[in-house]
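Note that chain A is present in both complexes that follow, paired respectively with chain B and with chain C.
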Partner chain A sequence: MRRWEQYFTPQSLEEAIFLLDKYKGAGKIIGGGTDLIPQFRDNKEESKYLVDVTQIPEMKEISLLEDSFVIGGAVTHAQLAGSQDVYNYAQVLAEATVCVGSPQIRNMGTISGNIVNAQPAADGAIALTALDAQVHITSADGEKVVPITELYRGVGKSKVDSTIEVISKIEFKKIDKVQNVSSAFERLASRKALALPMVNVAVCLKTTGGQFDWARIAIGPVAQMPFRPFLIEDELRGMPTDEESIRIIAEEVSQLVQPRSSKLRGSADYRKEMVKVLVGRALMKAIARLGSEPY
Partner chain B sequence: MTVLKMKLNGKQVEVEIKPSDLLLNVLRDKLGLMGTKEGCGEGDCGACTVILDGETVTSCITPALKAMGKEVITIEGLSDGKELHPIQKAFVEYGAIQCGYCTPAMILSAKALLDKNPTPTREEIKTAISGNLCRCGGYEYIIAAIQSLIKP
Partner chain C sequence: METRYIGKNVDRPDAIDSATGKLMFCAEKRFPDMLYAKTFRSTQTHAEVLEIDVSKAAQLEGVVAVATAEDLPGVNIHGIHALDQPVLVPVGGKVRLPGEPIAVVAAESIEIAEKALELIEVKYKPLEVLSDPELACLESSPQVHDKRIVREYEYSIGDVERAFSEADVVLEYTQHLSRQEHAYIETEAGISFYDSDGILTLFAPAQEPFNTRQQVARALAIPESKVRAKVPNLGGSFGGKQSMTVQIHTALLTYMTKRPVQMIWTREESMLFSTKRHPGRFYYKIGATKEGMITSMLVDFLLDAGAYADQTPGVVVSAGATAIGPYFVPNIKVYGKGVYTNNPISGAFRGYGGPQATISVERAIDLLADKLGIDRVEIRRKNGLKTGDKPGNAVMVLDSRVTLNDTIEQALAMAGPKPMPSGKNKKVGRGIACCMPQFDVSAKPYNGLTGAGAEVELLVDGSVQVRTGVVEMGSGIKVALAMIAAEELVLDMNKVDVVLSDSMLTPKAGPTVASRAMYCCGNAVKAAAIQLKDRVNIKAAEIFQVPKDLIIWDNGKVYAQGKEDQAMKLSELARLCYVSGTNLVSSIFFVGTHAHLGHSFCTAVADVEVDEETGEVEVLFLGTSHDVGKMINPIGVKSQILGGGVQGMGWALMEDMKSENGQIIPKNLHEYPIPTANDIPKRTEIGIIEDPYPTGPYGAKGIGEHTNYTSTPAILNAIADAVQISLDKFPATPETVWRAMKNRQSDAKPLATCPSSVLEPSTVTV
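Entry: the complex of A and B
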């Protein structure tokens, strides 16, 4: 196992950025370490200085504002899965984060790590993609805000360079049933725990008078990054929120996605079929949560 | 070298470590607490589970310095040396142990659950131990042992 030389536990974001800046690329942010430490173990990681951001108070907070959420970058999956606010106003994220790994991994692993590790099936990131999350990235040059969909370079490759910058917080609009906005998450895996998803789907949608106002659909792992079928989302606007429309949409999404065949995750044909099933279920579940529809 | 200070099984300890040490290795190799096992070494099997500030973590992928100033509980912290802890007793009584390798970690996951939720449902118990693999496959006895601790 390759090892780091020094381990820092800064108490503020400024201090963390100062350390990254000081070590000029030889340092790296560590959150829970549930991905990073195994990468050291496999000799795939060689940073000399680790900067642990999990002791920075402002990065550990979940804040529900008037109409949006602000999630600190070091918030764990367990925190999100156990938050009543998240359950009430971002249910898709609560449902997704409770599926990650195991209780131990959820206690350690952070939501920003789920983004930076850039796995196309990362449950938390799939939910955040459907939530259209805006990611705040801080470096010595200041802060930038980037939509989550623009943070991917490829499988396991993020545009966030954690040797020089850190995801300080993540922001998205709250999902409020009072405004006819709802969300849902669906997942297929070979076991209920410690299993990567064969397919996972997150949706957020708004209805008006029995019609789709808008919907955002995020699907993994069917592309190099969390996948959004933007054209089909556009087509959905104005369609009735009935079973027939959902069947048509789910079928179209299934035709569009191109999952690979995988010995672990199932054949391409099977997974396309499952995309159809899960997109359908997620849309129906989200609509049912609005209460007025007979599902 | 650096000094790790933590509350371990109720006592303040200071131990000289390398900044790159993992919590598992500090517990086993520096402090001689062999109850914490290494299984997969990747955080998947849960055999190395310890309780860090009330939450279960897999110590094989936890940098030891994450425990600085915090409270760590290992299986050695449960019994007073004379009597077994009630969870340990229940595991013995219900035959929830075969080879025993997963047992210390399984008991700690049960403890973390019961400390927070003294009346868990069967599903909640299953979720709580879902990160602890038992390759003897004795899950039913483990669940029964944990259920026996629920006070009506």
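Entry: the complex of A and C
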């Protein structure tokens, strides 16, 4: 196991940025460390200075504004999974984050780490992709806001360079049933906890009079990054929200994805078929949530 | 009979510390001046070692010793049933699987030791790999050892061929078994050092300290009297810590450096090189009358021993002895073998071959019932062994009441009505599986197991120490033995301490294996306590001036019957015994009177719900009924049953230590799922039949392994019942079930071909 030389716990975002700037690439942001520490252990990480952002108060807050959420970059999965606001107004994120790892991992791991680690199956990132999250990235040069879908370079490779910048917060529109907007998450794994998904699906949608206004569908791990079938999402506008239409949409999505065969996580043809099942189930679940019947 | 402790729930004294992480394990201990050891392992699967160069590693600052085969003073060999495994593979020797140790390094820190490994250079000449056990006996296949077969099993009675020709129905079925990892929490770790008397001392997890002592002494060419092996707190084993792991390596490095040496295997090393449950294949041909009476069974099985013999000789026999199931069959022919390959080493795993056989026969019985159109429970009731029957093997005699039907009825009663599906695309199924598991009774030496020694000592302060060589592996033997001593000596539990598994302090008692510790050591401790009490009573009788059978022991006091007011403290009596020359240590070496193995019966019923779209299986109910003879500590017995049941469920649904060309695919516990707390069935029930075993302590039978036989086939049978798939291969992962459902039409008749070995068994080569 390699080891870092110094470990900092800045109390403000400015201080964290100052430290990154000072060490010119030899420093690195650490959140819960649930991905980074194993990388040190496997000698795959060699940063000398670790900048822990989990003690920065403003980065640990979940704020529900009038029509949007602002999630601090150091908010943990456990915080999101346990938040009544998130459950009420971003259910897909509550459902996704409660599936991440084990209680220990959810207590430590952060939602921004879930993005920066850039795994195409990361449950939190899949939900944020369906939520069309806007990610605020802060560096010594200031702040930029980038849609989550544009942050991926490849499997495990993020465009966020955590040796010079940090995800300070994540913003997305709230999901409000009153406005006929709903969301849902579905997942298939080898066991009921502490397992990466074979397939996971997050959807957010809006309906009017039994028709889709719009829907966003995020699927993992079927591509190098959380996958959105944009063309099908377009096609879906105005389609009825009945079982038959959903079956057709799910089938089309399934035809579009190209999952890989994995000796541990299932063959391509099975995963392709499961995309169909889970997309269908997620859409049905989200639509059912708009009805009077609890789903 | 009113008891003090026997049959009552007693918590394990170490339970809270185990659960809260306070209990110390080998990997957490630090000794002054201690060195840290690491192993250089082969990356090749099958290769000749041409050259080993450790010179650069030896020169690295902080490296104190680098050992190769050349440094080993004694015999470079170890093994349990057969000595065929090198301690360190020498130049000119062969590596036979990935991960085999070639050199070990001792350094001032783990980091230095790891760096030193990178400086070791080994040149290999790769050899062709044998990974398919079905090909192991072909002349054209690569040869892993001089012999190809580790062990064969043959048993026959009657005339199977004639019976088949006369049968109304003949079923053929082949079951394939996947490889299971023990996945104990504690990876292999140990420390060795010289004590002040110059005794080479080892603290390391194992299932018996005496085997460690023997193997270390042999490898270092020192007398066993110069070696002390102690098994401290052990974090799970399930059969997987019987072979030598770190012990000889740390001992060698301590021998070379004279300093304490610690070695801890990482999880990856443990999964790479620990033994596994034997994968294999069981072919069945069963003949029956149209009324459902089984007339004939032919079994041909093959177990993949992997690269070394390890426990395969015993496992082959145990599997063979379980292959007929708990049924009376007049015509039997069983042939089986374990073969060498370049795959991971197969060893002992809770049930020792029995679970593989049980899964296979219980699947076959279900298919036979279906073919006959007979109820699957009814066929088991009809053919189940009855008291006085001869079981289908040569190692068991039914010497107590057959309680198979009691367990069947109890398991079904616990299950109640079959649940309804929870939604559309969901199918519910129920499965049943029965078994007659075995346990060792320290009878005439069988498979190398011997009698069980135990000492009970009364100390002059009135406390009692029990000493015996078996190991606490998590099954609760330690508290159960304390309960027995406290029961016999009429003492409070807190007056009794139990010391286990130290080759210098405790009598040899054989290993904690074969579900034997309770039966064997329980009998030994009980007899030793009775003997001690009897001896002290001679002195008490003299003091109280009454015959010794009128002496009453009562919670640390001793008095003559009817004269409680003149009671003497046990401590005072002990002191008087001591000063007058009474030996306060009683010692018993228990040897069983049976000429065979003990037996028990159990039945599991499982209800599952299968998602027809995804293939996901949810176990709604798992209920198991066991005849345990007598529960010494009910809470311990029941937690064993639940744990073993869930472990079997893991094998049925998710666990598969796959390998490809000899290389394992899951490398860690992230890639190899085992059930979590969330995966435990929604409803579990445990049923107990207490039919006292005539020779067991208070009537107790073994239980530890028996919990691991029936949950796997009951769940597989339930899945087959729900969605009519074959499951001749498992685990029943969502994809496996989905694919089987998709291929249902072509899968309806499982392909079964009779392996040629049934017809021409080769000569036994052990």
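Rule of thumb we're sticking to: the second predicted complex is superposed on the first by the 291 of 295 C-alpha atoms of A that agree within 3 Å, B and C clash if a C-alpha of one lies under 4 Å from a C-alpha of the other, contacts with A are read in each partner's own complex, and residues count from 1 in each chain.
We take it that a residue touches a chain if its C-beta (ideal position, glycine included) is under 8 Å from a C-beta of that chain, and two chains touch if they have at least 3 such contacts.
What you see is a predicted model; the values in this text were computed from it and never measured.
Chemist: Quick one: chain B and chain C on chain A, clash or fit?
Modeler: Overlaying the two structures gives a clash between chain B and chain C.
Chemist: Could you say whether A:Asp85 touches chain B, chain C, both of them, or neither, answering first, second, both or neither?
Modeler: Touch status of A:Asp85: no partner.
Chemist: Applying the document's definition of touching, compare chain B and chain C: which contacts more of chain A?
Modeler: Answer, by number of touched residues of chain A: B.
Chemist: Tell me the contact category for A:Met274 with respect to chain B and chain C: first, second, both or neither.
Modeler: So A:Met274 only meets chain C here.
Chemist: With the two structures laid over each other on chain A, which partner does A:Leu194 touch: chain B (first), chain C (second), both, or neither?
Modeler: both
Chemist: Once the shared chain is lined up, is A:Glu251 touching chain B (first), chain C (second), both, or neither of them?
Modeler: In the superposition, A:Glu251 contacts neither chain B nor chain C.
Chemist: Considering only the touch criterion stated at the top, classify A:Glu171 as touching first (chain B), second (chain C), both, or neither.
Modeler: In the superposition, A:Glu171 touches no partner, neither chain B nor chain C.
Chemist: Let me test your reading of the model: by the given contact rule, A:Asp21 touches which partner, first (chain B), second (chain C), both or neither?
Modeler: A:Asp21 contacts neither chain B nor chain C.
Chemist: Return first, second, both or neither, reflecting whether A:Trp4 touches chain B, chain C, both chains, or no partner chain.
Modeler: The answer is first: A:Trp4 touches chain B but not chain C.
Chemist: Looking at the overlay, does A:Asp213 come into contact with chain B only (first), chain C only (second), both, or neither?
Modeler: Neither partner.
Chemist: Could you give the residue numbers on chain A that contact chain B in one complex and chain C in the other?
Modeler: 102, 192-194
Chemist: Chain A touches which residues of chain B in the complex?
Modeler: Interface residues on the chain B side: 18-20, 22, 41-44, 46, 49, 52, 55-58, 61-63, 65-66, 68, 109, 112, 127-128, 130-133.
Chemist: Which of the residues in chain A come into contact with chain C in the complex?
Modeler: Residues of chain A touching chain C: 1, 102, 188, 190-196, 198, 263-264, 266-267, 270, 273-274, 277.
Chemist: Can you name the residues of chain C that touch chain A in the complex?
Modeler: Within the complex, chain C touches chain A at residues 110-111, 613-614, 616, 654, 658, 660, 665-666, 670-671, 673, 675-679, 733-735, 738-739.
Chemist: How about chain A: which of its residues touch chain B in the complex?
Modeler: The contact residues of chain A facing chain B are 3-7, 9, 30, 33-34, 37-38, 41, 50, 52, 54, 78, 101-105, 107-108, 192-194.
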